[in-house]
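Going by the order they are written in, the chains are A, B, C and D; count residues from 1 in each one.
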Amino acid sequence: MELDQKATRTLNFFTAQMVTISRYGIIRLAVLLIFVLGGLYALIVQIVKGHIVTGMRDNVVWGIYIANFIFFIGISYAGALISGILHLLRVKWRTPIIRIAEIITIVSTLIGPAYILLCMGRLDRLHHLALYGRIQSPIIWDVLAISTYLIGSIIFLYLACIRDLAALRDYPFKNKWRNKIYRFLAVDFNDNTKQNRYLNRALDIMSAIIIPLAVLVHSVLAWIFGMTLRPGWHSTIFAPYFVVAAVFSGTGVLIIAMWVFRRYYKLESYITKIHFNYLGIMLMILGALYAYFTFSEYLTSWYGSETWDMEVLYKLFDPEEYWWWFFFAAIIGVVLPIIVILIPKFRTINSITAVSVIAVLALWVKRYLIIIPTLETPLLPLQDLRPEYIHYQPTMIEWLLTFSGVALFCLIFFLFSKFIPIIPIIKAEEGKNYAQLRKTVMERIIKRKLKETKMKESQKIEHL
Amino acid sequence: MNNLFKYILFGFMALIFATGDISAQGKKTTRLQVEYYKNHDKMEMLIATLIAKERRYVPLAGAMIRFYSVNDTSKALLEELVTNDEGKVVLKINDNSKIFYDPSGIMTFEVEYGGNSSYKSVQRQISVKRANLDVFFFQKDSIKSIEVNASEIGPDNLITPIQGLHVRFYIKGTFSLLDIGKEKTDQYGNARIDFPVYMPGDTAGVIKIVVKIEDDDDYGTIESRGEINWGIPVKVIKKERRGLGDTDAPLWMVYTLIILLSAVWFHYLYVIYMIIKIKLAR
Amino acid sequence: MKKRKIKQSRRKFFAKTITAAAGAIGGIGLTAHSCKSKSEEHEKVTLLSQDGKLVQVDKAAITPASPAEARKGIPGKHFVMVVDLSRCRNARKCIKACDHHHQLTPDRPYIKVLRMQDNPASSPYWMPKKCFHCDNPPCVKVCPVGATFKRTDGLVLIDNHRCIGCRFCMAACPYSARVFNWGKPKPQKTNHPYSPETSIPSQIGTVEKCDFCPDMLRQNKVPHCISACPNGALYFGDQNSDSVTNGSETVRLSTLLRDKAGYRYLEELGTQPNVYYLPPANRLFPFKDAPEGQSS
Amino acid sequence: MMKNEHTLADPFNEKVEKDLLAHLTSNRRKGRIFVFVLIAIILVGLFAYYRQLRYGLIVTAMRDYTSWGVYIANFVFLVAISLVGSLFSSILKLSKATWSTPLTRISEIIAIAAIMCASIIIIVDMGRPDRFFNVLIHGRIQSPIIWDVIIITTYLTISLLLLYISLIPDLAICRDKVKNVAKWKRWVYKVFSINWHGTPEQYKILHKISFTLSVMVIPVAFAIHTVTSWLFSTTWRPGWDSTNLGPYFVSGALMAGAAVIIVAMYFIRIALNLKEYLNDKLFDHMGKLLVMLSLVYLYFNINEYLGPAFKMVGVEGEHIIELFFGKYAGMYWMVQIFGLILPIVVMIFKWGRRPLPMLVLSFMILLGAWFKRFLIVIPSLQHPYLPIQDVDESYRHYIPTWEEWAITCASFAAVLLIITFLIRLFPVIPIWELKEEKESNSKPNQK
């Protein structure tokens, strides 16, 4: 495959990083592995002893596993919606971040459903879903939607990688197995017009499909709650609300990932402030939209003040129960990003990343607050129960599995980055160029305006 | 329905006037109900109610009722009064009233409705002995009780306890009396009941107790009252809290609205100011 | 003999008061018009007061409260109604009394007696329904001008001199308790100035509903529907004094609700109604279906 | 080099000005007939309203259960239409979709006309319009109606400002170029162009405030329709007690707004002979936009009905059954299929995005949007929690009377009249923006 100078430089830059690992890198890897192993231990304990080792009981039947599940599926929006839409709209600055977004999608779509499996009481009967599946059940909708979505995102990522895989195929690695794999995956792509046309068509189709699919996945997920009569869940807004929340958190995670890779892979020349700014503004708009949905959801149920809805609302507003969590999740986590990004003075790479971290954490808490307070407020009173049946408290096992999920997320991400350049090699420089281009164009327009008016004035003087 | 009701009423009236003049034979039956009532201020009165049979019994308003005091030998007119809308008339017996007593201290009254062209006349006699009813409160440890003493006032103001009299105990509510028990008087004329433990009072916990002898053959209706702070004080809402349901909006809502609106309208003003600046910019 | 005169007073008689008079006379303040001073400008009225004293009152003093006064409510009270469903046989006397008192036409009564059936297997029953005077009233929340308001004594009233006729309260009321003056209302007679406590005269383009007869309550009398019910199905009283009466019988509210398992309709909506229902168990009357629209 | 390009005799500028100012001086017969017809319809509506004032709301078909009727449905529809202003002059502008520039003024004019008539129709719905000022005297800010009053005023103001701001340079052009018109028009141009001479300072201020306003209009536009939806969703009625209603209404409004623009485009380009500016490519863009907005709306529509249909709780279930299979099923499915699904399907294809098919589809969408609002308001009211018994037959059904239809039609005629008036008075396509755009486009391409 023919590469221009810039692309060659990028290729060399990344391949050098791909085949080596620094000492810190090893330490990081080790830490991640310890966490993952901790999760493995917890999983074994849970399988041996049953779900009694979790904090879930008869009333709070779903705990942080489900919160994690929604959270990870939400994060997966980074790739699906953001890169899908950016691709369809042919936004020029997308190139350096699109790969990161797509990898986030795949990794989180792999890890998210794992939590559903953890939540199942009889993991050994997983195949019953296929044997006895009833398509009337929202769970089956979910299974279908997520598996379709996962495969869709894998195809999408793969398509987007083909050009780079072809470039890597031709790169002389020390280990020949790499070239073999790349050769297999690159499907004889050598950048001719016809191939490019087919590839572009496939990419267009996939990005067009992945968007409704992503929306559908989260809607179906929301319907699992929205189709019940539980107070706080019995709400028609849930699907769009979940979708907006998911894009919001997806953008947040994307910004964080960008920051991490920029820092540790020294990508300052590829991922620039422009990208942070654009994504920051996107985060702000999504934050505003998310705030709008939150407001719609809580205001209407508060104004209507049905007994059971109010009970859940009071729990959320009670300083002794969930108020501070709610305050963090629904107010701090939304308002802070909006304010920080809105004011140009505060808008730095680090501050955007910091508020993204806050937003992502807030979104996790929000998922927790959607699930647990509602389950703690059944329609019939809680009586005659031991305290752990009334209040949910996640156990060590659950936390271990949660953190191991996050660790696994990072680990897989890390492995991916050792296999494929984290930034598309081909056209990787475009973002920077575009920004420069824009700047010069703007300058030119302003200059011309000034000249024009000067000219007019001089003409007037002449007339006089 | 409103109309219908009124027409029926008018119809009756028309019928009354029409038939009244034509035939005295078709006069309608009337009934008189007389009650002796002594209130807790020891004021005595006679309450008479006149009803007449139309399709069913209805009160007769505006009818002249005569009250007499009678004994074996004499009969004196006490007063003439006109019935009200409810067919009722109240005669106040005061010290000036010329009342006859028989030797055993019994007063007898005769109440009479003279009748007219449409209604038959009717009269009624009622005899009562004067009696007193007094209420006392006792509290011993946690047991609270109400005691009543009933006594007869003889001819020479001789007071004797009444035995075997049914006394009813009530708590006065807004619209009616809440029955809390009844008891027979003992040989000393006393009757006692325990006070119910939980009973709401007014804001200070004061409860009004009403004890009554009701429609007794010998003594008529006698009432006595007492007040005691045995009740549980009731919290009274002075003002609705500033909430969605109140006329005054919750303060946070007012502030939010002001902030939001001023944020937007400030920008409008700013824009208008800018327009002026455009005009001035040359 | 003086000529009989029919007074178009709102204080109309009821046959029931005659029979109940003897027992109730001490408690219920009894209004006795003195006929002697009828022609005088300041008509005097003799009342047997609450405390069993005879007092002379200027008739002007018993005119209904002014709109500003009517917003405050009777201090220290909290009025409630209890409907014993086991005693209702759709006699519709409450509707009649209410229509008469409020001078309503039969097509828009404040009270409805609904034929209810909780499930296909259980027997139907009659459910008298009026305004529930909720403590968390959805209608009051949505009113843009405060024409409908909640008083401290629990009543929800309407000032139809302020109502702008947007009908949002009708949309908000889950109990469909409200009626609207779509056209010009039938002329109504009254000697008194308008008060939200009487809602007379009705005004075109405004909302009305059951008001628990606050003009009666001011005189310590129960609303007209209560005294009109021949079966004693309707109880009324002050929650603060824990006693309710159906005209002939007075019981403790807490006891009644406890013993007969009182409930409130659509409790889950959180409106906190002030009308309680006693379940239609051990009925006094077998259910007899009347043709719909019956309004004898 | 620059000097030559920007002399006043730029052929592009000359042509644009000539084309876009042409209609201000012409006065055709067809136009007059159109205006007369509109005025006639409005007069009939006024007569109907006179009857309503005289006899009360009894002349409508509304009764105690169906206490809101076509007036409210129409109000919601007009508010929805008015959202188009913010769509074009803010959302598309901020997202740098330059193709939409010729449509900004049309959209702002429509927004103003619609929101004005919406506020009139809400007064028509009042039982006591004479007491309108009670809203100011006794207003309770806890009531969604007051929120609506406040936000409608705010939105009307911001729409007027938006229209005016973007008009200033064009008014200056009119002042300088349009001489052959009535005196009062010239006076309008002179006074309202407030000394505009296109100095850089003036341009700087203009861009600044138009940016401020276009950012500001988004929350206000969202708020106006969300608040309108809260008139319903703050109650417990089946079909209204839905947290989804706010975004649902907003998305529906944006769709209806886009459809209205297409209809307006079609007729304006014929009436004013502007085929060159409102060209087929613009229709194609609008088609894509409309498909996107319709898809979003479809998504909210599914959310609105799927949950309740899955659960079928009590009266809510009855309401759903009534919509899906009952009395309103015909209207419901017509609206969903012809007002939503069919337009999406047709407009996905390129041949469906030509002017004529788009006109037909937009009409269908608008009709569907109107009847959708009918379906939101009326069936819900006919399913109260307690059964409807013991009432006159007229209380059970709702078939609007001729007075209601006349007033509704008059409100549409009034919208059209205001639009016609404003179009006759001002250039319908922002001239200065076209010029500016051309400049910024031509520069980078040259290089």
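FYI, contacts are C-beta pairs under 8 Å (C-beta built on N, C-alpha and C of every residue); 3 or more make two chains touch, one makes a residue touch a chain.
Note that the structure is predicted; figures quoted are calculated from it, not measured.
With B-C and A-C as the two chain pairs, more C-beta contacts join B-C.
Between subunit B and subunit C the centroid-to-centroid distance comes to 19 Å (mean Cα coordinates, whole Å).
Note on chain placement: the centre of subunit A and the centre of subunit B lie 75 Å apart, centres being C-alpha means. As a whole-number value, the distance joining the C-alpha centres of subunit A and subunit C reads 61 Å.
If you average the Cα atoms of subunit A and of subunit D, the two centres end up 36 Å apart.
Shown for subunit B are the residues in touch with two or more other chains, namely 244-247.
In subunit D, the residues touching two or more other chains are 140, 142, 144, 199, 219, 234-236. Subunit C has residues 136, 138, 141, 146, 269, 295 in contact with two or more other chains.
If the chains shown are joined wherever they touch, the resulting network has some other arrangement, not a path, ring, star or complete graph. Of all the residues in subunit C, the ones that touch subunit B in their complex are 1-7, 9, 11-13, 15, 17-18, 21-28, 30-36, 46, 48, 51-54, 71, 75-78, 95-96, 99-100, 103-106, 109, 136-137, 140-141, 146, 149-150, 152, 220-222, 236-238, 240-243, 245, 250-252, 295. Across the complex, subunit B meets subunit C through its residues 1-2, 5, 9-10, 13, 16, 33, 35, 37, 39-41, 43, 45, 47, 49, 51, 56-59, 61-64, 82, 84-90, 92, 114, 116, 170-179, 199-200, 202-203, 210, 212, 214-215, 221, 223, 225, 234, 236-240, 244-247.
The touching residues of subunit D, counted against subunit B in their complex, run 140-142, 150, 154, 157-158, 161, 164-165, 168, 194-197, 199, 201-202, 205-206, 208-209, 212-213, 216, 219-220.
Across the interface of their complex, subunit C is touched by residues 55-58, 60, 62-65, 67-68, 125-129, 131-132, 134-135, 137-140, 142-146, 149, 231-232, 234-237, 240, 381, 384-392 of subunit D.
Interface of subunit A with subunit D (complex): residues 212, 215, 219, 223, 226-229, 234-240, 288, 292-293, 296-297, 299-301, 303-304, 306, 437, 441, 444-445, 448-453, 455-457.
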